[in-house]
Structures are given as C-alpha cells and as structure tokens.
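Common to both upcoming complexes is subunit A, partnered first by subunit B, then by subunit C.
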Partner chain A sequence: MTVSASVGAGAIPHNTLIGVGLVGSLVGIYLTYLNVITGLQVFSFFGGIGAVLALVWGSNTIKTLCSYGIGTGVPSAGMLSFGSGVIAMLFATRYGVAAPIVGLVLAAIVGAILGYCANQIVNMKIPVMIQSITEMAAIGALTIMGYTAMAAGSFSMIPLMSASHLDAGYWATFIGASFIVVVFILGAMAIQHPFNATLGPSWQQDRMLYLAVECGFLSMIVIAVISFAFLSMNAALVSLVVSLAGWLYFYMEYIRLSKRDAAMWLDAKPIVEPEGH
Partner chain B sequence: MSAIGAKPAAGAEVNTTASIIGLILTLIIIGALYVITKDISMTMALIGVIIGGVLVGFCVHFMPVGGAPAAMGQAPGIATGVAMLAAGAGLAGLFGGAWAAELGMMVAIVAGAVGGGLMMAITCLMVSVIYVFGMGIPAASGKSKIDPLTGDTQVEFKSQGTEGHGLPFISYVGGVIGGLLGGAGGTLVYIELLYLYEKELPALLQAPMPEDVKIVAVSLAGIFAVGIFLVSSVLAAYNITGTTEGPADPKFKRFPRDIVASLLASAICGIFAILIVAL
Partner chain C sequence: MENIVFGIGITAMAGALASVAGAAENVESDIGSQGDPNSQVQLAPQMGYIHRIFNKAIAGEPPAYGAWCAIGAGLAMGFIALQVNPILALILGCAITAFVQGVYATTAYLGRIASLAKFGQPVYIDILKSMTTVTMAHAFVAIFTTVSLCYLMNAALGHPFPLPLLGIVWGIALGAAGSATGNPFYGKERQYQNQKFGAGVPVAASGNIVRYAEAGQRNSLDNGWFSAKLGGPASGVCFGLIVFLELWRTVLFEPVGHGWGAIIVGVLLILVFTIIDRYIEVWARKTYGPYAKPAEVKT
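Showing the complex of A and B:
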C-alpha cells in the first residue's frame, strides 16, 4: 500500500524531536516574558505552545522507553515524569527570569538520579532507561512551567505565590488556589495518553505525534479557562481562541490519520509491524 | 538499613555496587543540606521526608496488583496498575492526614494511615463483591498452595491456564497493610514539609500577617507530597514489574532493593522541596 511506503514508522528521528521539543518549549516559555517587557498580557498563550512542543517530544520518549516492556503500563512513566518535574519546576521559580533554564537543568539532574535508581538499583537493565527518565523529568518541568506561564502570565515565584500585588488574599494566588495541581494532572494525562492510545501492531509515529499535539491543545483549553482568573479579559480570550483553533485542527488531522491506518487494517492485509513490539 | 542493600534476595538479584552507591549518595545529599542550611530542623525534615518516601515504596509491595489480566479473571488482584493503586490509597490517606494536621504529627500520621487502610479495605471488599457476584469467579491464589493466614487450599479452585483469580484473603490483608503504610508515609512527607513551610514562607514572601501564607504552605506541601509519592510508588512498580499477589508473592522478597532506590529518590526530591524555602 502506498501509504505505508510514504509514511514510514519512526520517520522523524528521536534526536530531531528532542531538538524541536527542547528549543521550542524554551522559546515558547521565554516568549511569555514579553508580558513583562511590554506590559501587556496577550503573550501568555506562547507558554502553552511551548508546553505542547515539550509534550510532542515526551510522547516519543515514552514510546522509546515503553517499547522495552517495563511491565507497569504506560501511565506510570508519565506520573514519574511529572512527579519529578513539578519538584524541579517549583524550585526553579525562585530564579526569576532564569527559571526555565534552571528548571530544565535541575529536572535533568533529578531525572538522571531517578534513572540510576530504576536501572541500576532496581536492576531493570533497560539500555535507554537513564536517558529516557532524564528526558521525561525535563519534559515534565517544561510542560508544567509552560502551562503555568500561560495560566498566570508569569513563571517567577513572587507573582505565583505572593499576594502583595493583589487586592485579595493569598488564596487568590496561582499556588495558593492550588491550580498547580490541575496543571500537573492535565499535563500528566496529555503526556501518557498519546502512546497509550496508539500503541499496537499498526503504530505510526505521525499519528501518535498528532495525538500528542491534540492532547496538548485540549489541556490548553482548560488552562485558558483558568487564565481568566489571573489575566485581562483580552489576553485570556486570545489564549482560549488559540487553544480551541489548535485543538480543532489537530483533532481533525488525528481522525484523518486514524481512518487511514484503520482502513489498512479493515482491508484484512497482513498487519504492518513497523518496529516490532 | 545499611545491611539490607548487601543481602541478596531470592528470585531477583541485587546490584550490590549500585545499592552501596545509592546509600552513599543519600548520605551525601543529607549532609549537603546540612552544610548549605546549617539548620538541624531542616535536616530532620529531610530525614522525615525520606522515611515517608521509603514507607510509600514499601507499601506498594503489599498491594495485590492484578493489572489487565485480573480484569479478565486470569490473575489474582485488583485490576489496575501499581502506580494508580498506590496513588489512590496514599492520596486518600494524605487527605485524611491533612485534616488532622492541626492536631500534631502523630495524630495526623495515624489519621493518614487509617485513611489509606480504609480506602484499600473498601476497594478490596468491592473488588471481591464484583469478582464473586459479578464475574462469577472464586478467589484462588496462583503462587501459594494454601493461604498462609487461613490455611484454605487454593489449587482446587484455580482454573487451568490462569495464574489464579479473584482476591485471596492474604491479598486482601496485604492490601490493607499496604494502605496503612502508604497513608502514613504520604502524610509524613506532607506534614514535614507543611510545618517547615509554615515557619519559613512568611519571611520569603514578605507577608505582613504570617497566618495568611498558610494556604500557600498547604498547597505547596501538598503538591510536593504528591510528587514524591508518585516518584516513590512508580519506582516500586518498576521493582515489581507488573502484577503481584501481595505479601505471599515471591516478588515481595524484592523489596530491599526498592528501599535503597526509594531512599535515594526521596532524598533528591526532598532536598529541592526543602531548599525552595532555605536558600
């Protein structure tokens, strides 16, 4: 069939996705800093775009790791990634404008140590384990930071936790209102779902990546709704429109790819096994 | 605990060198915190967090985790993954303990343990009801010939081609013990961080009224406790690799290496959770 020839499995190498995810998410998160420079708040949605790029990278990392059969289900890897990522990210908020870079580095350190725990101490002996968990922790930190920047308009500690700039009390801050927990679980669902939903004999990389983008935008819609509480009406509306439009486009693309791959299966052809599970 | 890492466990080899490196790294992290902060109470808080994280990792080994095969009646245990089950029990316990945070540490930890144990007891009961009356399968262990607690024979009830099915009594008891330990561990992590943040956050945020910052301290301690809980329970899940029947399962003997892994993982996560208010 021509389709399988033109869209080979794993067409995009993992290193390319690391580059896109790493640079893209850092640029996206830093573009929200335009809020501080210009005094406007409409640039917040770039944080969400950065988080989506990190999630695309993350879905491929989960695929790399879980292809080895870790035996505990795909979601556990997402939970590990965000559990360690949120710790590094919250610590990094102390460093103001350097927060995304500090968060990335710290998450990678935590991830490397957790990878050592899993691979050497627990003795799983999976070749990609340490690299994958290092990447996953970094992805968790970048995703949470991106969504946080989108919802609250900033990634520094004082705007996120201090009520000195608000009329209301500390309960109205981003951390005080515990929105960080919502961001945590929205990101964790978005990272674990793409590979979990597309794995199987006719797994195709492009379909999984489109689903990752779709999940990222779906979480962005909720973050945009949260941002109405922290940003001006215009800024929050821009975020909401961007997330809705992005979600709709990638949802339709994902359905198109699903029909493509499902039709191959319904024709009762031998099942294509691209990478061998 | 230093002897545990060196003892080889049956059925699963222990990487002695890596375990010793893990224990040394843990001690280095604890020492580093003391050197950075020069504050004994923060170092004690880190040790509390580490003990909590280890309890969480240990609790997972008691849980009867069946996974997808259990949903089809082909393996004993509760039909979900390790991380989900541990998070469910531990977070239920954490909520229980958080309510009692004002009443002192011991009351809160016991409340957390009761909350986690209760959650697992209800889950195991309802799972048994669904297995027996909904799916029509009896409880039979695949790994042990007789139940160690009741002495009931298991082999006659086990269907051919399965690894056992339903929820044997030993797995039920293991689930409740796991819930107790997980709830206590999760609450210990939360309480240690909460007391620290309540003390240190007002100065950091330059709040005029220290009482106001409490809500930020609760939220921050909660999300850090969730993070450390998930990290510790997923590492334990990797140690079990898939399904377990609880304390009667041979995989239970693998726990020493998970304790070393949990020590190091909780230490590295805990030091960042504490340094956020210390630097």
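Showing the complex of A and C:
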C-alpha cells in the first residue's frame, strides 16, 4: 500500500471542525428531547441539523484520510463509517436520555479497533488511520441517531420499535420496516460525496464544506418526507420547510463557489484546446 | 398448484421489470461516465485533452444504485404507511429519488470540473443542463422498475425482508450487473475507438479519449445512444436473468427438503454458468485473440 502524503490543509483547521461537529451534533440531537419534555413533535428537525454538523466534520475527516491514497475509492470510507456507526447507535438506543453519549463512546471504541486492525493487521501503516476511523465511526453513529430522531421523533428504542401511523404492528415501525436502511445510505452518501465530488488539483476546502452542508440538507428532505409516517402533520411540515430552505440556500452557494473556482464557465461553446495541443 | 402458477407469473413479471431496469441503469451511468470509465474522463484534461463529456462521479454504481433504490423504497414505504395507494406510492417515492439523483449529479459535475481548473477544463453549462435531465429520466425508470420488483417480492411472494432492505440489496445487485456487464462497451470500446481494436489501453494513450463525434463534438448523449444499442441490452439481460433465476429457483424448489432444494438448485446454477463462461472465454480467445505469436506483431 503506497503512502503519498499530499495532505493539503484547508483554511479551517481540522480540530475546529471536530469541535463544531461534536458539540453541534450532540446539541442538535439533545434538542429533539424537547419533544418528550413539551409533548410536541415540532422539535424533531433539530436532529437533522445535528446530523448535518456531524457530516461537515466527517467530510473533512474523509479528506484527511483519503489524501493518503488508501487503495480503495472514497465512497468505501463512507460505508465503513456508517457500517460501524449503526451498530453502536442501535445498541445505544437502549439507554434512553444517555443514548447519544453512549452511542458516541461506543462508536469511537469500535472505530479505534477497526483502525488498529487496518493499520497493524492489514498493515496499511497510514499515520492518521486510527484517529480517522475512530472519528468516522462516531460521526456515523451521531448522524444516524440525528436523522432517526428527525424521522421518528425520538432516539429511544421503545418508540423506534412501536410508534407508527399504520396498525400493522412491528412491521410498520421505524426499525421493523427498515427505515434505518434509508438513514444509513443517505448518511453514507452524504459523508463521502463532498470530498469525492470536489477532489482534484484545484480542491478548495470551503467548497467541499458547503457541499457537505448541501448533502446533509438534501438527506433531510428525504427524511422529512418519511417523517410524515411517524409524526404529526405540523411537525413533519416544519421539518420539510427547514430542509428545503437550507438545501436551496446551500445549493445556490455551492454553485456560486464552483463558478468562482472553475477555469471557465461556458454555455454551448466548443472545446477550448489548451496551448501546445 | 395455483400458488406455483401465481409464483411463476410474478417471477416472469419481476424478470421483465429487471431487464428494463438493467438497460436503463447502464444507459444512465454511461451518460454520466460513472463507474470505471470515469477514471479516463477524469484523467483526460490532465493530459491536455479538454472534453465535453459529462463527469458525474457520485460513487461506484453498486453503492449509488443501492442508495437510490433504498431511498425510493423507503419513501414508497412511508407513503404506503400514510394509506396512499401502493402504485402511486411507488411512483411518488421514485420521483423524489430521481430529484435526489439529479442534485447529486449536478454537484458531482460542478465539483470535479471546478477542481480541474488548473488544467483549463471549463464547466460547460449546456452539458450540465441537457445531460442531467436525461440521466434523471433513465434513473427514474431504473429505480421505479427495481423498487416495483422489490414490492412484488414482498407483497406477492411474501419475502420476509421489508421494502427498504430489499431495495438496498437489489439496488446493489442492479448496479453491479450494470457495472460489470455494460461498462466495458463504453469504457473499453467507445472511449477508445481511435485505438487499434483489442490493443488494450497503452500508457501513452491514457486520457486520450475520443472527443469528436460523427458530426461536431462528442458529448455524453452520443455515448447514451451507443449504450442504448449494446451495453444497455446486455446489462438488461444480465440483471433480468439474475432476478428471474433467483426467484424461479425459490418459487419452484423451496418446498423441496425444507428449503434445501432451492439452495442445491442455486449451487447447480452457479456451476452451469461457470462452465458456460469458461467455454465462451476460451472460444473468444481462440477466435479473436491477437496475441497468438509475438512474431506476428509488426512494430
């Protein structure tokens, strides 16, 4: 396995993004607990906001790891992240209010073990491997928990396995109907896409981070539509409006940044041959 | 007996849906230069070959289609839970998924091309506008047919997996079929029509993809036309056979030996296909192989 250390640092240091992602996602997920305190369901969308902040952190972690040329594509890192995160998240839902913290710690442990295996047993010998996989497993668990709380209104196991609009019992609940698969894949696509889509010689950190937020809000739109099956009409509508507004703003911003960075911005023009060809 | 006839009918319909899904998936991914042909489209500007090909790098085809079909199935399941008619629910779920796919396609193209600014590759907005809509349409067909066959498995054949789980499993299978069967037509042949047939891609020709068309400059719609003719139908046959044979063995042989019948027939099918594959490979090498004797190669 070759190690090419071409890690170009962005303007925002990685540690700052860790702080924003970690604190932001935990605060976002815990704000959905207002649902339980107030008896309303309109606070569910905070889970999605928390997940978006975790994804912003995650996109920079993937950038840090994949700059080493890990020998597989960028998307595989996203799948690994959510595959290890979902185990921790599902286990943590047993612990009620403490679930986000338990999920975070447990995912970090799973990630550290996987990182150790990749570096020492598979012998990949990448300096940032253990830290990156630990971070990514934690991000996976937090993102899945955030989106789950947004869709079903709670991050505790009992509501996730019982509440539904359909009277079809377990098979129509969040876990029973496998909605968690949708959350898994939405998160895994959203964490790998920002770096996978913007990699190249003229990579810019701000453009990648805006894309991460855009991907997060796009996933929120899908989750908001699914939440109509679990939440009251008003709560689901609030989620949908917040998601659509956030997505639209960051999509337009991302296009603006792409225009800023592109060599040329042409409409229906022929191939511009470079000099010397 | 009636159960078996009903099961075979559903199997045939699922196989037909899968054939359409495979064809649409391959055309969609080739228009977007997704999968392994992407590396050359990404490399070309760095070697000095500016092009007007759509570069929609979302993920490999299997994860991408796993995602689209799981999202489509999940949304459909959500609508069904809201008491929406299942057929309408499938259509609504897949339409929203096509929108998600379109957004991912545009951000991938803009991102990759903007990051190639150093080599002077411009962003062609007309490419973005005309190709994205075409890939969204093909993606809708592929997602809708796949989610429909998952719904048939779940509702008509009584498959124990819920719809989103079937969606991700069959979506990954669809992407894998399209990637393995259809991509060589585009990535190994269409991109390198300017090289000697069967010569492979020498290092010197890396990134030197065909950029000019029969008339004017080639864009990805020309590649879609090519894929619709060869790679698409091949992928359709592949995915259709996978779905048909998988359901056929389950419907007919599951009652035999407490389910062991279906497993044994599955192993037999793998053996039969291994023999067919080997025969075709040997035959193709004997018939077309240009590497018989080194002396015959003129340098």
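Going forward, the second predicted complex is superposed on the first by the 247 of 277 C-alpha atoms of A that agree within 3 Å, B and C clash if a C-alpha of one lies under 4 Å from a C-alpha of the other, contacts with A are read in each partner's own complex, and residues count from 1 in each chain.
Everything below uses one rule, namely that contacts are C-beta pairs under 8 Å (C-beta built on N, C-alpha and C of every residue); 3 or more make two chains touch, one makes a residue touch a chain.
Because the structure is a prediction, the values reported are computed rather than measured.
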item	value
Comparing the two partners subunit B and subunit C, which touches a greater set of residues in subunit A	C
Which superposed partner A:I255 touches (first subunit B, second subunit C, both, neither)	second
Touched partner set for A:S178, first subunit B, second subunit C, both or neither	both
Touched partner set for A:R94, first subunit B, second subunit C, both or neither	first
Subunit B versus subunit C as contact partner of A:Q192, first or second or both or neither	second
Partner chain(s) touched by A:M79 [first = subunit B, second = subunit C, both, neither]	both
Subunit A residues contacted in one complex by subunit B, in the other by subunit C	73, 75, 79, 164, 171, 176-178, 181
In the complex with subunit A, residue positions of subunit C that touch it	42, 46, 48-52, 57-60, 63-64, 66-67, 70-71, 73-75, 77-79, 81-82, 96, 100, 103-104, 107-108, 110-126, 161-165, 167-168, 211, 217
Subunit A contact footprint on subunit B (complex, rising order)	12-15, 18-19, 21-22, 25, 67, 81-84, 87, 201, 205-207, 212-216, 219-220, 222-224, 226-231, 234-235, 237-242, 257-258, 260-261, 264-265, 268-269, 272-273, 275-276, 279
Subunit A - residues contacting subunit B, complex	70-73, 75-77, 79-80, 82-84, 86-88, 90-91, 94, 106, 109-110, 113-114, 116-118, 120-124, 158, 161-164, 169-171, 173, 175-178, 180-181, 184
Of all residues in subunit A, those that touch subunit C in their complex	73, 75, 79, 164-166, 171-172, 176-179, 181-182, 185-186, 188-189, 192-193, 196-204, 207-208, 211, 214-215, 218, 221-222, 225-226, 228-229, 251, 254-255, 257-259, 261-274, 276-277
